[in-house]
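Each structure below is given as structure tokens.
In the two assemblies presented below, subunit A is common to both, partnered first by subunit B and then by subunit C.
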Partner chain A sequence: MEAPLITADTLVALIPEILALAFIAVVLLTEVFGSRSPNLSSGLAALGALALAGSATVLLAAGFEGSFFGDGYVVDGFALLFKILVGLVAFFSVLAAARWSARTGDTGEYMSLILAVALGASLLVSGRDLFVIFVSLELATIPSYAMVAFDRRRRESSEGGMKYLLTGVVASSVLLYGLVLIYGVTGSANLSEVAAAFTADLSPAALLGLVLFLSGVAFKLSVVPFHFWTPDAYQGAPTNAAAFLSVAPKMATFALLLRVLIEGMPETAQAYTWLFALLAILSMFAGNLFALRQTNLKRMLAYSSVAHSGYILAAFAALTGPALETAVQAVIVYAVAYAVMNLGAFFVVELVGEEGKSFNGLFRTQPALAVSMAVFMAALVGIPPLSGFWGKAWVIFATAQAGAWVVVGAVIINSVLSVPYYFGVIRSMFFEEPAGVGPVKDGSGALRFSIYAMAVFTVLFAFILGPLVLLAQAIGL
Partner chain B sequence: MLALLQTEMPYTALYAYVGLSMVFIVGFVLVVLMVARLIAPSRKSSTQKGQSYETAEAPVSDPWRPFPVRYYIFALMFLIFDVETAFLLPWAVVYGQLGLYGFVQMVIFIGIITLGLIYEWKKGALRWV
Partner chain C sequence: MITTVAIFIPLLGALLVALLPDERRIIQPVALGVAAVPLALVLYIYVAFGSNLDAPALSQSYTWIESLGIGYRVGLDGLGFGMFFLAAFLTLIAVIAAWDVQRNLKQYYAILFLAEVGMLGVFAAQDLILFYVFFELTLIPMYLLVGMWGDENRRPAAIKFFIYTFLGSTIMLGGFLTLGILAGTFALEELTGGGGLGRTAQILIAAPIIFGLAVKVPVVPLHSWLPDVYLSSPISTNVVLSGVLPKLGTIGILKIAIPLLPQGVEPYLPYIAAFGALNIIYGAFAAFMQTDLKALVAYSSIGTLGFILLGAASFNAMGLNGAVLQQVTHGLYSALLFILVGIIAARTGTRRIADMGGLALSMPWVGGLLALGALAAMGLPGLAVFVSEVMSLLGGFDAHPVQGTVAALGVILSAMYFLYMLARTIFGPLRRPEWQGLRDAGPAEMAAIVPPAALLLILGIFPALLVNIQRPAVELVLSVIGGG
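Presenting the complex of A and B:
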């Protein structure tokens, strides 16, 4: 008699996802059955995101671990940490989106899309089976096409959604083809068995599979040369959707990449570390150089997200030998640091407007907002002691430990390179005359609360850093 | 060709055939295009050439025009039942061996799909407007 596939433990392991799914259903059904009150829908969605993060926190605190469904789904500290992060990002994104989505009249649908992406991302970080990984990646991706195209009143939104969809499905099929090749070569979809077949000496088919898989993932992370969809999709998307999509799914995809590489292909590190070094350097330079010329804040932040994906990817160039542990920490620290400063920056854009001109003289009309935006911009450059500095510091520790001095140099050069466009925003807020583009939209209290919360996290990141690194050391991978 | 494949060749050498046929395919297309370029009379663009091909008939109207999307909504809803059937049939075949575990799992699956149907229904997607 085989052991039953589902035990009580399985259900406990799935609590965060079951809660998220239940809240998706409740949010959708209250909109059609009960009142069509947008506040009720967003309140329920915020609760759902908190339930996801909260239940994952409880599981992490209780030290719950295990692997389920024939070792295809694993719950460990690493997965739980990312589930918490995804849940929190979803929570703040729901708050920031509440006022905007109420104006569209389809709050329930929009909120359920956010939760669906969060659900996919939270399944993704637990995947230990290539096909579990693919299905959850698609669950995180398909609702995001709809989120980008959600603003039906603007043509750019449909345009961005269409471009994102068409390029996204190509990337997904490339990724699937890579997974199938890996499965074909190793004879198993399970990462632990993949690891046995992926030795330092790769067969051509295995190498092709690895390259196709990495290309698909690179698309999701908007890494050069797979970044062309990013500016159009982010500019077209509702600003809060761009904020959420540039953080939550990417975070989970970085976690997935760590798990696949460390658990599934540790002995092939020589074959991929140099590839990551190359992609990271290309992304940093391309992102920062293109961002220099943007006048639209959303486009600028899109290119900046390309550059920041590059910074995180730089840590992957150190995924070998003694530097491995530091590299994993660097990815976690950078992901959290990036989440707070980038969400904050996008939220301010949501409130103030996406044209660079709308920021002129903001300090005189809205001092608190202007100071918050200045904090986010300085953090994105990497000014100590703000969050971005610590992320970059850890990436530099890891790459230096691995002896990848070219990558270290590229990270430092790019930090300098990115100063003009981030500080351009600060300059126009503090030293330009208000352009009279119209007053800042009133904005909801929830949105302002999210902005100030992100600003506080960004400034006080040094205090989060210690516990975060200790946690990262304790959970390992 | 088949006889060749059946001989004891190293596995990787068989890739050579795939490679060779790829080179041939690409080469053939390139040669045909080049020959066509060389011997074709000089092209003059005409309005006739830009028209869409309608089996030698003149097109009656512009193809870019609004069309009703109702059908697509129904097609999407059909998909729910279609996918449900595709999963139910193999499940029913081995139902005896699955027992309670299989039953509960299918109930969950159908439950989730039914939620989708209820949502569509209440949203008014079943009304033919």
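Presenting the complex of A and C:
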């Protein structure tokens, strides 16, 4: 019965994380002992992110599966898929951050923070034990405080970092409290044993634990009413940090939430689907309505991320019965779709500037950049055949299958509600005259590469969709 | 395969044009060449497969998402063929008529071709999701065409157009997705007849679909985006905007709402017919009130779209054939009139009807074709619109006598305002002496106005050229809805 805690398989299962950790060390050490060359540090970090994604891909292709550390850490297709995604997001974020971080003079430190968040996110999606989950979540969160506050030349950066830190710590405590209550009620931290205790009829303590856990997660996902840190943190953060943080950790947190709910509380679905429906509707409306008023693009994209968290959360309202499979697909499809369009939009902001008026007449000065940004904005609205459309379509599929017609209606109304602010950007770029000098061109090769790569993924998403859905079906959960 | 090639050639054309230097003498011939390819393919299809649109060479079916039954399915049928042709034809005309696009011509053409992909695709799509994708593919290009090259009022017009039609199509999408999810497939062929859904479900699903399509048409009172957009657009954009885009809505009613949800649409028929009649009457009265020549044409265009609704709501062979044909004839006459209005406005410097007079004296071709277009629009026998309007009216009258009677009144009204317009603009003495020397239509302008005028004549005399193609498809629809 007593198997050794660490076997050869355990090491294989941890290859992606070990590689990421190794690259973090190498990046930091070259900074200390070697030359302080920004290009070298960024290059190594990019390699590290690729190593994470690549090794996860190999494991997925080889069909590697198993659970480790007393069933507290699981490697399955679902986890591997999200590890790949996190690695790829980190890769493009490193490329996009290269130019900016070189100017701070601390490239190595910044790059290692990105990798550390990716490492935490990568562990998180494998967690099957409440405390593994908590520790991984913190590993993904703590470096992100530093990323937000990294721009020491701007006051808003420290301010945003501080706000993010304070609210984040409160959120973590709430989350931990919830986990402890769940542990107390069920007597186990393992999800499969939690499932046995979480039946349709919840005790008050269990319900409180569930609500606190969900509140903590909602904080991390910037879901209304726990979203208020988001605009300040994103506006203060370096743009590329906001890009990365709005995607990678959130993706992993959604994956974690899926695992906890499906593996740990399948019979409690009645208790939480309506709660998700409510949170989703609130987030969509609040995010879109607040975004309408913004002139700063980072702030606008922050509220937009609140709204998009709402769209993804809408799929959670369908996590029951026959719709479950489609709902899991919807989360995966939406997460990938959102990753490409949102990273792209933030990257363009990184290059062009965060004030709305810096986009005036961009189509005249830099047509390729303007067309890319138009693609991202249209995708965020949900115009077909761009990526965001497929995400929303899958969310509607799932919620329609579950018969959650109110949620379907809310998704549709919100798509229209979001048109004015996304299209405000398109209008400035295409219909206005150029304001002055265009964005700085030098040294932005890697950033531009990331932008165009995201634009291509966003436009051709329909071709990724088929394989992605097949994969989602094959890995199940 | 041929159909797919025809749909996506303009996409390659858009890329090609975007890469060329921005000089009119290089860009325009290339754009003409690009626009000619889909048209040539459509004509080839007409000649080679006219009696057999089901031929496997024309259709393609490739399942994309197995579990949900989504696929890339295209093919031509009698309902869409006429408009497939017209979309290719009017894009070519729009390329020719782009003389008032003063700057960034290559970007103009690139965006126009992008819109053409969507327009052609809608009329060939045989899958609900694909239909929606093509439907929306026209949206951003049209928004940009109006917003970048329109007149001083273009920006509010463009965003208004976008929000209205996007709202409509998103609601429609809700209906599509629900239908597909409940039926387990998105293939039009398998969904025909209701996809196994009961009457109540069909009625509930038909409502958002019809509403969304009605915004696109637009059906009065959902039309308030239209005048602003039409008035602000450059001529060449008007050609596709009035000639093709409303038909995205009507083809949805004819090809999707009716055959897919026959029992669901049925209770709405009297209302669809009533709104059709309302469109006709409202369009006629509103056109009467206009002092601006372009606005008059715009409202007249709203009016004659009503015949498509009336014919579609008849559920009989006469009315449906009329509706399908009216899509094409409406496009021909409205494109012709918008181009002519553009030429007149450019020459005289005004669009005010009251300021004009006697223009036929100095511009016989422009004046003559304006008369031809107006006579066609009011339904003069011998011209194409007459055939389709009469068929829609007779079919509609048979099924809905009251609505049909009201619609017939609209025909009289439209004759009145068009004759009044002609009398004030091209006939009578010349208003201003300096208009004596106005140049008549030049070669490029003739190339844009003569083909649609000629088609109006040809189809007026030989409507069978198109009716024969659409008849089998209409009969298929009739067999689904059980009418006769």
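Brief remarks on what is shown
Heads up, the rule we're going with is that the second predicted complex is superposed on the first by the 469 of 477 C-alpha atoms of A that agree within 3 Å, B and C clash if a C-alpha of one lies under 4 Å from a C-alpha of the other, contacts with A are read in each partner's own complex, and residues count from 1 in each chain.
Throughout what follows, a contact is a pair of C-beta atoms (placed from the backbone, for glycine too) under 8 Å apart; a residue touches a chain by one contact, two chains touch by 3 or more.
Nothing here was measured: the structure is a model prediction, and the numbers come from that model.
Among subunit B and subunit C, the chain that touches a larger number of residues in subunit A is C. Once chain A of one complex is fitted onto chain A of the other, the partner contacts of A:P225 are absent, as it touches neither subunit B nor subunit C.
Judged by the touch definition given at the top, the superposed model places A:L29 against subunit B, while subunit C stays out of reach.
Touch criterion met: A:V408 reaches subunit C, while subunit B stays clear of it.
By the document's definition of touching, of the two partners only subunit B reaches A:I6; subunit C does not. Looking at the shared chain after the overlay, A:A393 reaches subunit C, while subunit B stays out of its contact range. For subunit B in complex with subunit A, the residues that touch the partner chain are 12, 15, 101, 112, 115, 118-119, 122-123. Against subunit B, the residues of subunit A that register as touching in their complex are 4-6, 21, 25, 28-29, 32-33, 204.
Residues of subunit A that touch subunit C in their complex: 326, 367, 374, 378, 381-385, 389, 393, 396-397, 400-401, 408-409, 412, 415-416, 419-420, 423, 426-427, 430-431, 462, 465-466, 469-470, 473. On the subunit C side of its complex with subunit A, the touching residues are 64-68, 107, 129, 132-133, 136-137, 139-140, 143-144, 147-148, 154-155, 158-159, 162-163, 166-167, 170-171, 173-174, 177-178, 181-182.
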